[in-house]
Each structure stands twice: as structure tokens, then as C-alpha cells.
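Two complexes are shown next, each including chain A; its partner changes from chain B in the first to chain C in the second.
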Partner chain A sequence: MLGRPNLYTSYQQENQLLPTWTQKVVFTLFVAVLFLLPFDLPVISQIPLVRFLGDGDWLLIMSRMLVFAIAALGLNLLSGIGGQVSLGHAFFMGVGACAAVYLGGTSGETTWGHGLPIWVWLPGAGVAAALVGVLVSPVAVRVRGLYLAIVTLGLVFLGLHFGNTSWGTKIAGAPAYGRDFPSLDVRLWKEETPLLDVSSSGRWLWFEVTELQKLYLFMLTLTILFAVVAKNLSRSRTGRALQAIRDRDIAAEVMGVAEFRYKLIAFAVSSFFAGVAGALFAALLERLQVEQFGLFLSVEFIAILLIGGAGTTAGPLIGSFFVVMVPEFVKAFTKWLEAAESGPTEVLAGAMLTDGDDFGIINTAIQTPGWTLSVDAWNIVLFGALIIVFLIAEPLGIFGIWVRIRNYWKRWPFSY
Partner chain B sequence: MTAAVVTAAVEAAVEAAPVDDPRSEAAPLLEVDEISLRFGGVTAIDAVSFKVRAGELYAIIGPNGAGKTSIFNSISQVYRPQSGDILWRGDSIMGVRPDRVAQLGVARTFQNIELFPQMTVLDNLLTGRHIRMSSSFLAGALWVGRAKREELEHRRKVEDIIDFLEIEGWRKHPVALLPYGIQKRVELGRALAMVPELLLLDEPVAGMNLEETEDMARFILDIRRELGITLLMVEHDMGLVMDIADRVMVLDFGRKISEGTPSQVQRDPNVIAAYLGSTDLDVQAQE
Partner chain C sequence: MAPAAGSLRSLDLRRGAPLGFLFGALGAALIFGLVQLANDPALFFQTFMKSLGLGSVYALIALGFVLIFKATQTINFAQGALAATGALFVAFLVQERSVFTGDAIQADRYGHIPFTNLRNPLNAMGGPDWLYWVLSVAIALVFAAAVGLVVERLAIRPMVGEPLFSVAVITLGLEIMFRVFNNDAVVIDFRPVHAPWGLEGFTVGGELINWSFIAAMVTAAAAFVAVYFFYRSRLGIAMRAVAFDQEAAMAQGINVGRVFAIAWAAGAVLAAIGGIFATQPPVDQTLSVDQETANIAFRALPAVILGGLDSVTGALLGGLLVGVAEIYAGQYAAANTSWLGAGYPLIVPYVVMLIGLLVRPYGFFGTPEIQRV
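Let's turn to the complex of A and B:
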């Protein structure tokens, strides 16, 4: 069995999520490391990335990355697997967040809310977004490609406008200010003591866990659940139907795939993912601000798919990690350089950093004069450059690179 | 075609002598009644009628642009003919959605391969099983009960087709990377996976070399004999058509100019005129 990992002896074995032993072991270890990451354990806290980010808020950033991953998995079902390019993903996230705050928020003079527990508002966020997705899809399934992108782009602006209407402000709070978002505590009903306390430090089972660690573990669990659902969906009858529509829509119809129905399912499921992610996104910030669900957020998800690898389940996960974490690494790297006092790091810092007009790659001055770029500017440049590089050099994204490396070593020492 | 192929094909055809003779007056499986299809000022199909009986291998031939593929597209309702009627087992399928037509039991292959290029051979064939599966997207997402069982069950059935078409070595390859002849075979497999009653083959051996043509001829005859599927075929390879077809219809400029057994059609002066050209106006006047 170990000697010939690719020899399947039954269809059942072949159809498993992780068919080989190597995959099972590696995957289990990887998930275990992810769960143990926030704790100060001897080996894991020595992993270079973890050390680099230090204590700070990096767990919060990781949590944001996980929330982005959920939304990206949703967009991948629609755009990567279904081939329907959507710029409206941020809109559906916004719908989810608004539905969540309507169900779970507190009602006051200027706001509506029902104060319901998380097991109502979190699925509610998904369902509300899915319903809106279904409402929109009759229009959306009639156009494809660029036209669909523009139609869905329109949704984003409709959503932002809704946030400014009188009803909108009742749900989403005052423009540019927003409103408080319900906490992630899991309660049986409205005001009871939480069954699972996520919003404050305390004891989980036998372990003392801080608030940020709880947040991270909560998001990690949800992300894994959503990733498994997305994977199952993409390898089932529905996933194949969507891929068929993506590759050749007329042939798919002639093969008996009801195009309208499956595009509708794709919109609904993708919006469900987006809705849940939107609610979680607002919950992370403990505040709902409609302005955040704008065009840039949508573009960020397109970038995640392109960089990670559209049409695969691993792609959105890798892409989210890249898009959310790379800017943080650049920031952390700059801070580390700034703090350098002696030795080779100081030489490097001298070469790279500048706070004035002299030569340097990163400008650390508060206001950037001249032609040198600040850290934030560098991050934006990097973001744009990455999209261009991946579109031209590696359309399958980081996942594609991984597949090529894997195939190379599978065949090693032969090159064919 | 070499003599050997012809002999082999004829032998197979004789062996395949349908249980119910196609020339008998059984109720037609498919009846195309005076359909006309126009694109703006161009008449692609001009009042063409024909009947395909169950168990038959019916071929449509004609010069380029004669409207052969348009007839296929009309049958699968990708095109909507402006007039006429198409009857499936006596019921009209005009205006029915293409995917519903497929569910009725009509499968097809395409002239220019229309496989799903980014999917593997296995996934392409499993997509053919789509209409035979019934699990909902929710069951699929949770991978429980029916969805899981169905996946295994259909995986097994698809394996039979892989075996039948001898494409075992290509199972996990993305289709886009396969050689042309194999792609044609996979496309045939995808149509067979639907377990159709009528299979529309649009130029199954176009662009194939002799060896590949022989293989395909054998598969077509096997499909008919072993799987009992009625075949409607468009093909330019006259040798193949004359060898294996029961009846042939000849189209020219969207009109039917002849119909009958291969030998009848070959002798028809209209057909000779259409293919070789004729200055004899009498021939055209006869119509």
C-alpha cells in the first residue's frame, strides 16, 4: 500500500477526499499545526512566519485571512468553477452583514435589530445573501463574460446607495459611522449566558485561551467546514455541471445540463458563502460599515482567485493567505529593519530604508516626499504587480506552480 | 478505405443485421417534418423531411454548407427552425429546451470537438452521466447518502465505457492535452454515457487517418449492435457512409435531393450532379 500510493483497488478508495496515505498524514499534520499555531508551543512558535509576525495583532490578521478565504471559496464556486465572473461579491458580503446585524443587533432609536443569537444570525446572513443572489440571477444568467462583470459591478453601487437610504441607515447605521455588530458568543437564546464564549478571554475546556486565540480558532473551524463543503460541491454532480457550463455552455446544455438552473445554484451558493463571510468580517471589526463593502473588496477577491488559482479548492485558500498576509509581512519586515541596530541587518536597513530624499527603497517618513514609496504604497504596487505577473506567467496561480513542482518530483529523475 | 476495412465493415454490418429490419414500417423514433431554418436571408434548411426508425443507422451526406449540421442543431433544439415539426416518438419537441431533449434520450457529438477541455476524461464522461444522476446540490455539498453512493455507482458505469472505447490509459488526463483521435473517442464516450436511444454523430471520422477511421467504424458498428442505439450520422467520408449506413439522405443547399439505400443514392443522377457538378439542366429540371 505504501509502496504504490497511486494504485487504487476500489472506486471507493479513489473517490475519497484524500485518497493516499501520504495525503492523509500530511493533511492531518497541517490542520493540527493550524490549530496549535496561536499557542506558544516549543516547535510551532519557531516557524519563521510565526516568529516574524510576532505577538501583535497577527492572530486578528490571520482571522481576517480566514474570513476572506470563506468568501473567496464562494466566489471560486461561481467564477472559478462556474466561469461566471462576478464583481459583485462585496455586495453579497454586505447583504450578509446587514442581515446579520438586523437579526442579531440591538434595536434602538436609530437602528433596527432583534438581538437573536449567532446560530440564527450567521446562517441568516448566508440565507439572506443567497436569496438576493437568486433574485439577481435571472438577470445575471442572461449575460456572460464582461457584461456579467459590469452587471454585478452595478450591484456594488446599489448596495452602497442602500446604506444611505433611510431604511438602510436603520439597518446599517449612520453613513461612514456604521453601528455595533453583535459578538460571536454562542448563546442558546438572546440574553442567556454563552455556551461558547468567543468575545472575551477565558477557559475553553481545560485550557486558558485569550480572546484573539478564540477568534482565530473559531474562524479556522468555520473555514475548514466551508472548504470541505466547497470541495464536495465541486467534485459532485453539481460541480461537474458548472465546469461543463464554464468550458462549453452549449455542449453542456446538449448533454442535459439545465444551464439556467445550475447558474442559479452557483449564484445562490456563492452568495451564501459571501453572506456568512460578510457577517464574520463585520464581527471581526465589531462594527458594520457599509462603505467597506465597496468595489475594492470585490477586486481583492478577483485577485485572490487569480493569485491562488481559480477553479481549485486550494487556490482560494492560498490566495487569501497571500493577499492578506503579504502586506503584513512587508510591514513587519520594514519594522524589523527599522529596529536593526548593528551587524548585517543594519547595513541592509541602510541600503533599503530612507526617510528623506536620498536613495532608498522604502521610505519611512510620515509624509513621503520625492519619488520613494512608503510601505503602504509599496503594498499597493505589489498587489497590482502580482496580479499582472500571475495573469501573464501563471494563470493557474500559486496552486499551478505547486502542481508543476509536484509533477516534477513525481517523475524525477525523468523530465517527461 | 482499403479493401480490408470495407470487407470487415461489411461483414460487421451483415452480422449486425438488425433484429427488426430497419426497412420495415415500424413507427419512426424520430420524424423530421418539413423543417425550414433561415438565418436572415440565408435558408440553411429548406423544407427537409425524413424519418429515422429504431435500430437504424441513417446517414446524412452533402457538400459543404448543405445544412447537415444545422439539421443536428435543430434536432437538439440549439437552433429553432421557423417552420415544420420535429417529432420524437410521435411527440413534438419543437421549442423544448436542449437539456430536456437530451433527457428524452437524444445524445450527440460535435463536428469540432466540444469536450470540456479543462476537465479530465473521467469528469467528461461523468458529465455525460449527469442526466442519469439525481442527487441535489445540497446532498453533493455534504457528500452524504445518495450523492456519495451515486458517485460510486456511476463511476463504475463510466468504467464500462472507458473499457468499451479502449481509453483506459487516458482516464485522468485533462482532455485538452489528448491527441485528436482520442478526443473524438472521448466525445463519443461522453454521448454514450448518457445511455441515449438516438445518437447523433456529426462527422465522427473528420480529419482522422485511416487507422483511426477503422477504429471509429468499428466502434460505431459496436454501438449499434451491442448497445442497440439508433444512429443518425453526418459524414463526408463516402467510403464509410456507403459501407455502414442503412439509409442515406443527400442534402444540397439545404434541400433534400435524394434518399435511399447507399447503392440507390450512389446511382441517383441528382446526387452525381450535386457532387460532380453538371451542365445537364434536365437533371435539375427533374426535381
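Let's turn to the complex of A and C:
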């Protein structure tokens, strides 16, 4: 019986987190590599990607990717599993960030804050976002499909406006400027020396760890935690109810699934994820700026779901890696081309780069007015193009590609 | 017993509370309006014309949404980008007539005019400037229609039969892509569209009423009349048939692909017209295309939702309602700006939309989706 895919002898076996031994081993190794990635270890640092992802600035980008993954897991519960398409995920992230800065930030003349420790403000961010999610769900549950997408889109604009009001600036800081965000240090209460120092380099147990490594490990732990919660939720009674609602809501209701209640749960849990991720996102930037939580961020999460594969737990994780890292890879590639001096890379650089007048599509000049766009602008174009191409060519996302590859080898040498 | 009269069905008890709230709010607004009218009739009239002007712009954009939705059953989130693109076409076409600019054509850092390939074929034309402008706009609208056709062919046609939300997300991707190019074209200098009426207008009781308000109203009226007759033409009936049941329409020999293409072309043209008015008062005082122009579509979305995604009448009334709400809130609640926040009129449409959806989840004229298990 060992190793036969799709042969399950009990329901419990089918519903396991990792059904086969291969998966157990591979996943353990993968998680171990993720944890060891920031350190300079003999064998692990030789693995492709891991070779450079573990150092310097890449760690910060990886941390951002992990935060995005938490938010994407939340949106996946609502949209991928529950089928309720939301363009308002950025709004809930913003709510979380504002709640966090209200609880954990410093109080001043122009700002409100209570200076509470992280174990209050991080869950508090999630709870606040979940409460707002419950608050808007009476409207959100009544409307369906594209109407829901637009209602949640409206939330984003309402949230962006919050930073303009006289009472909103007390929490969110001045418009376009924002306010400082509390550090991630873990304190028991408001004491000087933190229990667990995350925001500066130092010693953890016996190891010397830099600030970025600490940040990465902190985010990785949280992401794994949230991924397990999301996976467990999706294979529980709630997850099955949500899938039933997604596939045919009226049929689900006829069968006794309490539609309103489960949609409410989906909104609350997804907002909780978003709130926590929003607080972490602002903590990464060390600054809360309401303008960050705009429509573009929401679209990014929709793209993460679609590119990774909606409705699965692996999908949002793969998707966030893809969506966050590809622009960085493009930037790194451009830098590498720029540095090229001779050989074929130099020819390629001549064809692709320009600093103004010559041929090329990527403008490397500091200011790039007019035609020939900068790398950042091309990255946004690429982002839009990726959404379109994935939706047209592979609606199930990267996870779908993986499933096809896997199935090919499963039945090899037969074609079906 | 089930309620007999169809008109009474909306007075369902469950809807009592939101409906009461709605009528209460409308009554309060009416009384408030009458008081303001008695106070300062000229200001009230100016506000009224302004709100009709804004409402007409919203209605134009909303009509584009509805046309595309009726044919393809999807919301075109790229409508704003198409609007900015269309307005940019106008700006590029008229920028070469020096009578508009009064000085040399704005060149970029390398000494060439961006998008110079877009030569205006009317350059040698004499005659009055307004005629030149109108004809240039006509050419720009042809370009806009072409853009709509290309977008439909490349990105939307392959998605026939896919989930509707996927198509909507594709248009979001298009919006993002278009926006980069549009912003790139306007980031250094604004692109004036040089509408003949400029910032001028006529005064009633000492209050200025811009010609652009009137122009927006006339254009919107013309567009709605055109669509009304279009839906009665052979092609329009085909379009309604496709909206009703795609497969059945196909079985009757209707070319669904062509209907899609025409809907997108028409939607892009309406977006472009809306985009031109989005650079004029009351939407914008700069008279030129800038990075804000593309946001007109997101501001008009509440109008579409309030009216109902598939209703032409809804687009008109929703647009006007949202325009009135936005302008009147901006005019008469300005004393509370600090508490409401700078730029609060911009979110009034969304607040109105949320309240409206509580009462009617499919908008006031939208068709409720009938579901079978």
C-alpha cells in the first residue's frame, strides 16, 4: 500500500496534512532549509536560489514576501475557498495596521497611542480587522459576485479617506507622511529591555544573529503558524461548508449549510489574517502610511491567488513568492546587465538597456521622462501582463502547472 | 398570501428598516434643499447645474460600463484607463495647433514631442478652431474605438466561457498596464485637451455656470438617445439577445464575437468622451489630462452599481443621483471639512452606494439574478 497515490483506506488518511511519507520528508526538509536559509552554512548555501536569497537585502524582500503570504492565505479562505471575491483586502490590512499603531504606538501631540507590547497589538490588529469585517458583512453577504467586488472596492476608497480626516490623522498620522510604527520587539509589558529583541542585531541563545535574519525568522515562524491554521480551517467543517457555498450557494443552503453564518466566519477570519499581515507590513516599513493600502495592493493579492492557484493552501504561498520576487529578480537582472562590460551579456545589455538616446526598452537613467520606461514601470506592466497571461493560459495558476506535471509522471509512460 | 401587485413587492417587511431610512434621508435632503433654495437661489442653481454636469460625466462613464456588461457580462475595470487614453489622444492631436498652446509644442528632454507619430491629419485645415477641435476629437474617438477593439480581441475574446470574475480581473490587469503608459505620458507636463469653452461660462445671479457643465449634459443626453436607438437597431437587438443568453443567441446565428467587439469599441468611445469631460470642471479644474483622470471610472462605479449593472436607465439616473449627492455634499457640508476630511465629496458616491445596496442588492434598475438549485 505504501506510495500508491490516491489510494486512501480511511477518511482520516485522506484528510491528513501530509498524506504520504514522501511529502512528510520533503516538507520537513523544505521547512528546515527555509529556517537555515539566512545563515552561511556549507551545503545549504549551495542550493540554487538559496545561494543568494539568504543574504542582505534579499532577506528583507523575503520577509515582505512572507507577510504577503499571510495576507494571501487570508484572502484565499474568503475568495479561494469561500468563493466571495473581495477587492477590499488592502482595506482590512489597513485597519489592522491602524489598530496596531493605536495600541502599540507612542502617544504624542498629534497622535494617539498606548505603547502596548506586541502580544497585545499584533492580535489586536487581527481582532480589530475581524470586527470591521463582521461589521461590513451584512452588506457583503447580501450582494454577490461582481457587486461584492465593487462593494469591497468601495471599502478601499473609504479606508484611504480615513487618513484625511481630523480624527483619522490622530491614528494614521499626517496624510502622505504617516507615523512611526512600533518595533517588533517582544516585551512582557512596557519595560526598557525587550524579552526577545527583534529589531536590532544581537545574540539569540548562542548564536550571533543580524537584524534582518531575526526579522526573517520572526516572519517565517508566523507565516508557518498561519499556514497551518489556514490549512486546518480549510479541511474542517467550516472549510467544507465554505467550499459548498462557493460551488453553489443555494444548493448548500438547501442542504443545511448556514450560508450567512459561514460567510460571516469567512469574512472575519480572512480579515483577521489581513489585519495581522497589515500590521506586520507596516512594521517591516517601520512606518504606517495609509496610502500604502490602496487598490493596487488589493489587486496584488488577487493576482497572488490567481497566479499561485486559488482554493489551495500552497497556491497563495507560491503566488506570493512569484508576485513579490519576480519584480526583484527583474531589477537584479537589470543591475547585472548594467554592470556587464564585455561578452554576450554586454551585447544583451546594449539591446535592452538605454540611458536615454540609444536603442533599448529599459531606461536606466535616474530620471526617465517620456518613452522608454524605467525598470519599476516595466515591472508594473509585467505584473499586469502576468495576470492576463496566467488567466488566459493557466487559470489554475502555478499550482495547476505543478498538478499537471505531477500527473504526467504519475501515469508515465501512459498518457492518461 | 403572496403579495399580488408587483409594485408592492418592494415594500417587503424585511426591507422596511432600510427603506424607511432611505425615505427619511431623502425627505431630510429635500427639506434641506428647500431651505437652501430660499436662502440663496443663485448659489443653489449653480450647485444644481454643477451637479447635473458631474452627474452627466458619471452617466457617460456608467453607460460605457453598462454597454460592456450587457454584452460580455463583466465589469470593465479598465474603463478609467481607456478614458485617460482617449483624452490623451485628443491632447496629442490638438497639441500641434499652436493657436491652442500659444507657444511652442511641449517637447520632452530629448527634444522630440512624445508620440509624434500621431500626426493630426487636419493640420493643414483652415477654418474655425472649434471645428478643428471637434474633428480632432472625432479622430481621437476612432483611435479609442480601435484600442477597445484590440483589447477585446487580445485579452477578452480568449476568455469566452470562463468564469466572469476571471474576465473582470483581466480588465484589472489591463488597467494596471494602461495606467503605466498613461502616467508616463503625463508625468512631466499636463496634457491640455484645449476644449473650446475653456473655463468660461455665463453668470446667473452672480454665480458662474461653466459651459463645460452644459456641454457634458448635452453630450450625455446625445449618448443616451443614441444608445436608445442603437438598442432598437438590428445590431442592438443582437446585442440584447447575446446579453440574454449567449448560447441561444449563437444558435440563432448571431455573431457573438462581433457583438463583443462592438460593445468594447462603443465602451471605449464612451470612456474616451467621459475622459475628455473628466479634465473639465466640475471634475477637474486643470483642463488637462493628468494622473487623476483615470480615476473617473472608479468614481463612477457607484453610479453603475446604484442604477444596476445591466440597466441603461439605471446608468443615467444613478449617475445623476451620485453627481447630485457628491456636489451638494461638497457645497453645503464644507464647514465640517476638518472632521469629514479634505476631499470628502469624493467618497460620498461610495457611501451612497453602500446604503443603496442595503436596500436593493442589484441596484435600483438591475435585474436580480434568478438562481436554480
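Here is the rule we go by: the second predicted complex is superposed on the first by the 383 of 416 C-alpha atoms of A that agree within 3 Å, B and C clash if a C-alpha of one lies under 4 Å from a C-alpha of the other, contacts with A are read in each partner's own complex, and residues count from 1 in each chain.
As a convention for this text, contacts are C-beta pairs under 8 Å (C-beta built on N, C-alpha and C of every residue); 3 or more make two chains touch, one makes a residue touch a chain.
None of these values were measured; they are calculated from a predicted model.
S.K.: If we overlay the two complexes on their shared chain A, which of chain B and chain C does A:Q243 touch? Say first, second, both or neither.
M.R.: first
S.K.: Looking at the overlay, does A:N232 come into contact with chain B only (first), chain C only (second), both, or neither?
M.R.: Only chain B is touched by A:N232; chain C is not.
S.K.: Looking at the overlay, what does A:V254 touch: chain B (first), chain C (second), both, or neither?
M.R.: In the superposed model, A:V254 contacts both chain B and chain C.
S.K.: In the overlaid three-chain picture, which partner chain does A:Y177 touch, first (chain B) or second (chain C), both, or neither?
M.R.: A:Y177 sits against neither chain B nor chain C.
S.K.: Figure out whether A:Y11 sits in contact with chain B (first) or chain C (second), or with both, or with neither.
M.R.: Only chain B; A:Y11 stays clear of chain C.
S.K.: Who wins on chain A residues touched, chain B or chain C?
M.R.: Per-residue touch count on chain A favours C.
S.K.: After the superposition on A, what does A:Y408 contact: first (chain B), second (chain C), both or neither?
M.R.: So A:Y408 meets neither chain B nor chain C here.
S.K.: Check whether A:F27 is in contact with chain B, with chain C, with both or with neither, and answer first, second, both or neither.
M.R.: After superposition on chain A, A:F27 lies in contact with neither partner.
S.K.: Quick one: classify A:G168 as touching chain B (first), chain C (second), both or neither.
M.R.: A:G168 sits against chain C, while chain B stays out of touch.
S.K.: Which residues of chain A are in contact with chain B in one complex and with chain C in the other?
M.R.: 248, 250-251, 254
S.K.: Where on chain C is chain A touching in the complex?
M.R.: 74-75, 108-110, 114-115, 155, 158-159, 162-166, 168-170, 172-177, 179-181, 184, 187-188, 298, 301-302, 304-305, 309, 338-344, 346-347, 350-351, 353-354, 357-358, 361-363, 369, 371-373
S.K.: In the complex of these two chains, what residues of chain A are touching chain B?
M.R.: On the chain A side, the touching residues are 11-12, 14-15, 229, 232-233, 236-241, 243-244, 246-248, 250-259, 265, 269, 311.
S.K.: If you look only at chain B, which of its residues touch chain A in the complex?
M.R.: 76, 78, 97-99, 101-103, 107-108, 110, 114-119, 123, 126-128, 130-131, 133, 135, 137, 139-143, 147-148, 150-152, 155-156, 159, 190, 194
S.K.: Along chain A, where are the residues that touch chain C in the complex?
M.R.: 85, 138-139, 142-147, 149-151, 153-154, 157-158, 161-168, 175, 248-251, 254, 295-296, 299, 302-303, 306, 356-357, 369-371, 373, 377, 380-381, 383-388, 391-392, 395
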